[in-house]
Amino acid sequence: MMKRYSFRSSIFCFAYMLMCCCYLQAQVKTKPRKCIMVVGAHADDVESLAGGTFAKYIAMGYEGIYVDVINNLAGCNLEKTPYFKMAAPFTVSSSPHAYPVDALETSQIREEEARAAANVYGAIPVFLNYNEPWFSMGRKQIDYGTEAYTQFAPVGRPLIALATIMSNEVNYVTDLLKKYQPEIVIIHTLGGEKLDHGNAAYMTYLAFKRAINQNVAVGKLWMSPRGWLSPTETGRKKSIKPDIRINVKDFLKTKCEAYDKHASQNGGMGRAYFLGNRNMGYNDEIEEFITVLDNTK
Amino acid sequence: MTKQMMIRFILAVILVLPASVLFAQSNVMLTGSWCEFGDKPGQLKFPTMIATDKSNYLYVVDQHNHRIQKFDANGTFISMWGKQGQAAGEFYYPYGIAIDSKGNVYVSDMNNNRVQKFTADGRYLASVGEYGTKESQMKYPRGMAFDANDVLYVIDAYNYRIQKFNTDLKFISSWGSAESIGIKLYMPQEIAVTKDGNIIMSDRQNHRIAVFTTDGKLVKRFGDYDEGKNAKSGMFSEPHAITVAENGDVFISDRYNFRIQQFDAANNYKAQWFTPGSFDDSKHFPLGIAVGNGIIYIADHHAHKIYQYKLAAN
Amino acid sequence: MHLQMRTITAIILSGFAMALLTSFVTTEEREEKPRKCIMMFGAHADDVDENAGGTFAKYIAMGYEGIYVCAINNLDGCNLERTPWYDKGPNFTVSSSPHKYRVDALETSQIREEEARAAAAVYPSTPIFLNYKEPTFFIGRKMVYYGTPEYAAYNPPGRPLIPIATYMDDEVEYVTALLEKYKPEIVITHTMGGEKMDHGNTGYMAYLAFKNAMNKGIPVGKLWMCVNGWLLDEPAQKNKTGMPYVQVDVRNHLKTKYEAINKHISQNGALGRDYVMGNKTQPKEVIEEFITVLDNTKK
């Protein structure tokens, strides 16, 4: 009798311990690391999306992951500007002597600049290498999917929009989330703000959802409210109110320093270049986001 | 015999054996092949149906080059005509081809919803059709054939009917509804005229062949679904093209079995052979088929090639 | 003489005044209003019906002209098979039949377009096919992706891939021209940035064209967006980003909606309501919900 009782007790104890282990394991699994990941479509998008927030969290001890989704084959113009000799190695202006740079060289320049920018924050740069949807061959624009693009065969993964329908590509981005288990992930506006921006955001959204389903310890997915979600676009106030507002006043210097590293895009004009793109009255001391997914609750 | 010679002999036997076994099933021999992927004269992009004329010229619907190419019986390029467009003499994904008793060439210009008529050297003569459901209107015409009276039969795919025209492309009649023919056809692709004057059609998605009188009365059906390297003779996995030889034998391209099957005039199974290439359907798709003067031609849609086979005298 | 001068001056001045007044009236007249027209941009054949079929039917019943837009040319996704219904069934069916065959690109596109035409006729509405290329199709049973040499070699008909088209000015103009032609009071499209690649990007293209139309002074009304995809996620609902504020009661138009859905036999085997309600992203049946993304009626 005694023997049977102790056998029952041991089974009970074993089951209890198993439950505790599972619970603890579950707890360990669901706690993300102190890590912030900003997913920008192109080189310099991390800065324009959330440069201040990125700097602030890194200063608070978070690991920073600086993600550049597209391989930046297009868009680089090198030119001779009035500043010449005195200015940064690459500059942008309204100079008539602006020439599109060939695909491979553009990609190299932009990647170098992004590495330098990530270094300003003390962040780890990650290049996902999705193909830019067009590039210049000489001065001719070549679009993805054309025979000329296929012939040039630039190094890179598929078009990001296409990659969102490929399960292995979503897994590739999910693996990045698995590796760093970030507490905060920031993306562009879903479905707006240029082709690659919206689709890079959608890819991250899909990967984040997959990570949640796979019990990967990710925290929150924040989205920039630019583009169609901004009040001027929607014409309404209530539904576009960002739920996250970060004061980045003390980190604008870092943000602008990082911004300046993208000289081939902004001529090292930093804040002036950034604010030049915005509406009058834009407050760059506050960065705002919308929580799209929350895995912490 | 040295050891080396022995090995060579064994190797030769090993290599020859499968071919012997294969051709033992049929009475044909591969005698040539030509074309490769491209848009130059003599090159093809996704060829579909083919036809031969009385002078033994072969006409190929070069679908993704939106043109027709003409070869002699040995594959020498003769001429070509057409380009992508909607104007007379232009094509937009053509599909079927047929030749009348005078040697004029008719092409079903599938995505332009019309049939165009040309001389044997490609001079445009006439056209019929536009998108719609009325007489002489069409929805994506497919295979075509002429009977002994020079009546043209056109598969009007998404109107689920056959339309009949004379050689001036004037409408004669149509038939095809499930009620009128007694069966439902699933994606018929090609049509031919049997030796006894009936209409034979590939009922592709039913994996069988249907035979009708010229006015659409069902005569018989044969075949059923089977697929793979060991698929039974007389069965099909998506039969596409059909052609009828002078002696009445019927040749059918059996897509996912990568073979051609031969039936006699009474539709009894006679023989079969595999077309060149592996069982990889992305590289290999025997589609168009034509027969003339004891020679059978196969257009491989995915290999962009024409294969030529010679029929044995028996 | 002096009087005559005065008279002449008065006549000239009054002429100016009249001209000015007329120009005001003309300007006023030129400011056209949107037409009683509802336009739905679906990515693929059947997306109009599934996403807003009830609303589409309701507005058409109220006298609106219906424009049924299918953005993608549907090169992919069609399976033909032999089903238990066999000779008695519809022309194309879907089931779990083992005898299921992928259909080649050209044929798939033709089948889907025919079905969409039939569906558009149910409401009744005008079908428009924008013919943007599907990003995948099959050569044999092998999937081929846009941008690969195999895709380029096959060269299927169609305009560019829709996400790429969103950055091409002439493509945005092409869609804008459609808005200019019909001047719709209501335009509905997919959730931007969600729900599959083609859906999100079709939504984005419609958005860009709508904005372009507004900037050009074309009398378009409102752009509504469906609430599927990421807008259904809990945080988006909670912070009201995904809170729909256009709700259309479609209970009296479900019959039309399902009749139209049934026309897409190659996709749903004519299973209509069961097919749609089996799709869990469909939150409610009798209410269709949207978010107003752009509103050109309040100036």
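Labels A, B and C are assigned to the chains in the order they are written; within every chain, residues are numbered from 1.
Going forward, a residue touches a chain if its C-beta (ideal position, glycine included) is under 8 Å from a C-beta of that chain, and two chains touch if they have at least 3 such contacts.
Here the structure is a predicted model, which means the values were calculated and not measured.
Of all chains in the assembly, those touching chain A and also chain B are C.
Distances from each chain's CA mean to the overall CA mean are smallest for chain C.
At the far end from chain B, in terms of centres built from Cα atoms, lies A.
Distance between chain A and chain B, defined via averaged C-alpha coordinates, is recorded as 54 Å.
Averaging C-alpha coordinates per chain places the centre of chain A 31 Å away from that of chain C.
The centroid of the Cα atoms in chain B and the matching centroid in chain C are 40 Å apart. Residues of chain C that touch chain B in their complex: 80-82, 86-89, 91, 99, 101, 106-107, 110-111, 114, 139-142, 153-155, 157.
Interface residues of chain A, counted against chain C in their complex, comprise 131, 133-134, 143-147, 149-150, 158-159, 161-162, 164-166, 189-192, 194-195, 198-199, 201-202, 205, 228-229, 233-236, 238-243, 290-294. Chain contact summary for the complex, chain C toward chain A: residues 133, 135-136, 145-149, 151-152, 160-161, 163-164, 166-168, 191-194, 196-197, 200-201, 203-204, 207, 230, 233-236, 239-241, 243, 245, 291-295, 298. Taken in their complex, chain B has these residues touching chain C: 37, 45-46, 64, 92-93, 110-111, 139-140, 157-158, 160, 178, 183-184, 186-187, 205-207, 225, 238, 256, 280-285, 302.
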